[in-house]
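Next, two complexes with chain A in common: one pairs it with chain B, the other with chain C.
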Partner chain A sequence: MYEIVQKLGQYWQYPFVRYALIAGVLIALCSSLLGVILVLKRFSYIGDGLSHIAFGAMAVAAVMNLTNNMPLVLLVTILCAVLLLRGGQNAKIKGDAALAMISVGSLAIGYLIMNLFSTSANISGDVCSTLFGSTSILTLSAYDVWACVILSIIVVVAFIVLYHKIFAVTFDETFAKATGMKVEAYNLFLAVLTAVIIVLAMNLVGSLLISALVIFPAVSAMRVFRSFKAVMLCAAVISVICAVLGILTSILAGTPVGSTIVVVNIVMLIVFAVLGKVSEGARA
Partner chain B sequence: MPQLTCENLTVGYDGKKVREDVSFAVERGDYLCIVGENGSGKTTLMKTILGLQSPISGKILMGEGLKPTEIGYLPQQTEVQKDFPASVREIVRSGCQSRCGLRPFYTRTEKQMAQEAMCKMRIDDLAGRCYRELSGGQQQRVLLARALCATQKMLLLDEPVSGLDPAATAEMYRLIEQLNREDGITILMISHDVGAAVKAASHVLHIGETTFFGTKAQYLHHIAQEGGDNTHV
Partner chain C sequence: MRKVIYALALCLVAAALSGCAGGQQPPKTAGSVQAILDAAEKDTTSDTASKPETTTDAPASDAPAPSSNTDTTGDVLPQTQPKPENIGKTVDLTTMSSTMVYAEVFSMTRFPEDYLGKTITMRGQFTVYGNTKSGTPYFAVVIADATACCSQGIEFVLAGEHTYPDDYPKEGDEITVTGQYQSYEESGGVYYHLADAEIVSE
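Presenting the complex of A and B:
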């Protein structure tokens, strides 16, 4: 135990470890807050679809040799998020089919473009690190971390200020609209937020595993807690703990960051599922 | 001027007409029961009155200072709500959102109002309970309490007793009648169960092949004349 603490202390000296932890905790916090809403609105899969779109955009940006690909990726992802979340019930093609097509399509096109035009010698390495986020979290610059901090503060403040409105719209969109709330504006806000968080989270776990950050903490919290506020708080706490444990484990054991965080989340879900069953039994 | 008037209203969605030329007027304190076969456009009509969709033609007029956002609504339950982790208190309070504007939190008055609505619906002892663990009747009462937070003037109820057992159904009808009689809230209710629903109503709107609007007495007379066709009264 002492050795582990000492080893962690040693790693703490390196700025990249500190950056990774700060960014990891913040991204985990934001994605879990958003995750509760997405899971409840039956939009769990949208995170997955959008992350693939972001992957496609990233491939295009890489081929165009942009030095800073963030703005392009963010713009494309936000546009798609707005289209997908807005389409909803009225779309000609059913939501899930549209999402699946766009998601797989952008994944395929992204990989194809990277293969055809890439200037890099190690294409599969590039693709792999974009998909699984392998080391990018450990290569963050101070600039990235600051961007992360500012965006996270905006997300958390927005959630606190709009909390009751988000609840009303998520629970019953029709009623909210009938009593004069601007439901479209909130949906638009959620779409933009989803896109921003997904692009941020790509750094942490890569584009294939983002859904895990969004969905697992929310589902775990719902196993045990029964009010909206408790679920929100619990999801945030679970997510942060999982991110910290995952990052530390991956540093100590040399495992890939993204998949380690996801595995910790899976373990947490199992623990909470058992806790939920136990508390249900106790109440019955 | 009546509280709500619909003049030659044609409703539908995506430009497709569901029901044409519906006219009726509701005075304050009326209890209007809307009946008709499945697919006759009852819910579409209600959504049009609420401003959730725009009418294809015709007019909806509101009088006596009633604003479109002051109509409380009890929608049919959605899939999303069935396993939603929320306490009864959280849901009832969310009915106050419409008067919050941009203010992020509820005032003491609004919390008080939610409390009163819960007492009226006799769910105040369930305030801390989780919505998804309640019975169907209790869930409907929670949603009715929420609608009361949004309005003191007019309630639109879309099949408030569907899926409830006989005891819960009777309780629901009793509560609705009480709101109408004692609080003077105007009620517009869609129902399948014509016989039971019409009992408490003051007016009836029947939409279908032919549209009928009138007082309950006129309606009963109208059906008797038609020889009790397929309206199952």
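Presenting the complex of A and C:
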């Protein structure tokens, strides 16, 4: 144990470790808050779909040799998020079918473009790194971390300020609309927020594992708590703990960061499922 | 409603400003062995291909043209002075986990100025690259990330006179190298490597 603490102390000297922990915690916090809403609105798989779309956009940006692919990736992902979350209800191809089509289509087109036009000789490396996150979280600059800090503050403040509205839109859109709320505007806001968080969270776990960051903390919290506020708070705490544990484990044991965080989330879900059963038994 | 719009606008501005691009790739800088390996891979298909500006797969046109089996020490032209506080400092990558090693080597290729003058010890796979038919071989120690899909590495130049392949390990062998991190200029580009290096163990 002393050796582990000593090792962590040694690693803490490296700026990229501090950056990874700060960005990891903030991304986990934001994605868990959003995750509760997405799970309750039955949009759990949207994270996966949007991350595949982002992957396709990244492939296009790479082929175009864009030095900063962020604006393009973000724009495409936001457009698709709005299309799926808002337009989906009136479209001819609805819900999960539309999501699956766009998701798989983007992944396939992205990979195809990378293979056909990529200037890099290491296509498998580029693809693998984007899909599984690799060590991207350990390669952030101070600028990246500040961007995460600003974004996280915006997300948390937005959730606090708009808590009651988000609650209403999440549980009963029709009732919210009847009370005069601009439901469409809130849905648009949630769609944009989802896209932004997904694109940022790709750094942490990669595009294939991103759903875990959104779904697991929310579902774990729902095993034990029943109220919206309690679930949100618990999901945030679980997500942050899992991110920290995952990052620390991966730097100590030399495992891939993304998959380690997801495995910690799975373990946490099992623990909370058992806790939920125990508390149900106690109540009965 | 106004609050929502404001929050939305702020969110977009922050995200657009963010450099947190997913799947961030190691920069294709001169010091990045990934970039060099990419170019070397292209070399195998075309030895006459022109040298990309940021890679070291061909010798400088104005530099002495050593034969393919000689050491490259003579080509080293230190350009940047190491920071005084870096001299004598050591970075031992052999005591770190593979994830940390990858991140640290990435940092070395991204912010090389921070490491100039430091003595680096690292363990990885011995790799030879460059235009093997017509020019100078370059030697590097390469490490892979935890998912084994990306690799980063550092070029090294052994101290003293050495002949390739006699005085070098077999390609792909695991070696531990120690040397001082320095920069040099070639073909108009600045590159980084471990100078006066020594293969500690194979």
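The rule is short, and it goes like this: the second predicted complex is superposed on the first by the 283 of 284 C-alpha atoms of A that agree within 3 Å, B and C clash if a C-alpha of one lies under 4 Å from a C-alpha of the other, contacts with A are read in each partner's own complex, and residues count from 1 in each chain.
Throughout what follows, a residue touches a chain if its C-beta (ideal position, glycine included) is under 8 Å from a C-beta of that chain, and two chains touch if they have at least 3 such contacts.
Treat the numbers as computed from the prediction; the structure is a model and nothing was measured.
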Report task. With everything superposed onto chain A, say whether chain B and chain C fit together or clash. Result -> fit
Report task. For A:Ala158, decide between first (touching chain B), second (touching chain C), both and neither. Result -> second
**Report entry** If touched residues of chain A are counted for chain B and for chain C, the larger one
**Finding:** C
Query - Where the C-alpha centre of chain A sits as vertex, the angle toward chain B and chain C in the overlay (nearest 10 degrees) - result: 170
Query raised in the report: Once the shared chain is lined up, is A:Thr255 touching chain B (first), chain C (second), both, or neither of them?
Result: second
Requested in this report: Examine A:Ala178 and indicate which partner it touches, taking first as chain B and second as chain C; both and neither are also allowed.
Outcome: first
Query raised in the report: Which holds for A:Phe167: it touches chain B only (first), chain C only (second), both, or neither?
Result: first
Query raised in the report: Taking the superposed arrangement, what is the smallest distance in Å from a C-alpha atom of chain B to one of chain C?
Result: 7
Query raised in the report: What residues on chain A does chain C touch that chain B touches too?
Result: 161-162
Query - Interface residues, chain A side, partner chain B - complex - result: 40-42, 90, 160-165, 167-168, 170-172, 174-181, 222, 225-231
Query raised in the report: Which chain C residues qualify as touching chain A in the complex?
Result: 1, 3-5, 7-8, 10-12, 14-26, 34, 37-39, 41-42, 96-100, 102-104, 106-107, 110, 145-147, 149-151
**Report entry** Residue ranges of chain B touching chain A (in the complex, touch as defined)
**Finding:** 14, 50-52, 68-69, 71-73, 75, 78-81, 84-87, 90-91, 93-95, 97-98, 100, 104-106, 128-130, 132-133, 146-147, 150-151
**Report entry** Residues of chain A that touch chain C when the two form their complex
**Finding:** 11, 14, 16-17, 23, 51, 54-55, 58, 68-71, 73-74, 78, 120-122, 124-136, 138-141, 143-144, 147-148, 150-151, 154-155, 157-158, 161-162, 182, 185-186, 188-189, 192-193, 196, 199-203, 206-207, 250-257
